[in-house]
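Input: one structure, supplied below.
In order of appearance the chains are A, B, C and D, and numbering begins at 1 in each one.
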Amino acid sequence: MLIQFSIFPTGGGDSASGEVSKVIDIIDNSGLTYKTSSMATVIEGEWDQIMPLINKCRLKLKENSSRVYMVLTMDDRDGAIGRIDGKIASIEKRLNKSIQK
Amino acid sequence: MLIQFSIFPTGGGDSASGEVSKVIDIIDNSGLTYKTSSMATVIEGEWDQIMPLINKCRLKLKENSSRVYMVLTMDDRDGAIGRIDGKIASIEKRLNKSIQK
Amino acid sequence: MLIQFSIFPTGGGDSASGEVSKVIDIIDNSGLTYKTSSMATVIEGEWDQIMPLINKCRLKLKENSSRVYMVLTMDDRDGAIGRIDGKIASIEKRLNKSIQK
Amino acid sequence: MLIQFSIFPTGGGDSASGEVSKVIDIIDNSGLTYKTSSMATVIEGEWDQIMPLINKCRLKLKENSSRVYMVLTMDDRDGAIGRIDGKIASIEKRLNKSIQK
């Protein structure tokens, strides 16, 4: 499955990038396939791999923040793997052009 | 913490309400405090209570559907309980009027 | 259509309820059908009614905050009206029990 | 501001990629800066640029589908531009490593 999520403290200062960096570092060290954009991170794996990892990110942010907010979307499709790049490739093939400049 | 989520099959027919009913029934039987609206269900509890319950809902939908989509938001605030009703009451007090007719 | 959204400043203090109250007040004065839960507000109407209203809420929050975050979900279904209560009623009928205590 | 969104028909078949391709094509032709991932598209611009574009995508999907679902998140920060790439660069600088392999 693919899980996309954003997690951040809501009680802190105007820039949350220091806290968000800690989250990305935890994910980067997990060994799971992931991709980070300006708004969210997508991870590919199984529920039992991804959810403990996200919980670890949550607990890291709670160390410095009394309030943490998260948005998460899941696309859980039977037998579908390699989709972090595969879904884009499928769209590009249909449109017959590159959409990532 | 409060977790709001919507989960539904994306490969099925126009009305997903039969499948969604199964999800609500699982939550209703869990014993956790929850509230369902037209767009989502909010559950109050701890991460380790809520996430296994949501996983149970996911697995129930996967029985009949090859693809399941979920949107989830979390508001995790230290020492805050009774917030499913409490947050509304706090807003009504500030506005000095009832907002739930 | 139904649009569910949450909007809040991310650079402020631990409690955003004062700012959120202003948003609810704007929606309450709009005349559109809505329902507020602990995590989000659902509005029923047309795109051209709801989106300018949400923009008004955004601009109100920007008066006091340099950074505003929003999560929004839309369920746009042909010929479906009265669904803020209707979707719940449909689930209760299927389950043959009340889910709103 | 940055707006991330996913929009898809919920009444169709198992693969929505044909419909999603039409959406990406509309965005690609808009002239706005955007980036598509496996789960969502992020667009940078002003509210009055992005929202009419998203509405155009919605109406395109409604041509073939009686029901369309959308998830959208907004990060509206004063004076912040070039953030589709800038936010990633800021995190990489903090972590002192590349996070996009």
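We adopt the following convention: a residue touches a chain if its C-beta (ideal position, glycine included) is under 8 Å from a C-beta of that chain, and two chains touch if they have at least 3 such contacts.
Here the structure is a predicted model, which is why all the values come from computation and not from measurement.
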| task | Tally the contacting C-beta pairs at the C-D interface and at the B-D interface, and name the larger one. | result | C-D
| said: Counting only Cα atoms for the centres, state how far subunit C is from subunit D in Å. | reply: 21
| Once you find the CA centre of subunit B and the CA centre of subunit D, what distance in Å lies between them? | 25
| remark: Multi-partner residues in subunit B (2 or more other chains touched) are 14, 66-67, 69, 71, 73, 75, 77
| Chain contact graph: line, ring, star, complete or other? | complete
| For the subunit B and subunit A complex, residues of the former touching the latter | 7, 47, 51, 55, 58, 62, 66-79
| remark: Within the complex, subunit A is touched by subunit D residues 2, 4, 6, 14, 17-18, 20-21, 24-25, 28, 35-40, 42, 71, 73, 75, 77, 83-88, 90-91, 94-95, 97, 99-100
| subunit B touches which residues of subunit D in the complex? | 8, 10-11, 13-14, 16, 66-67, 69, 71
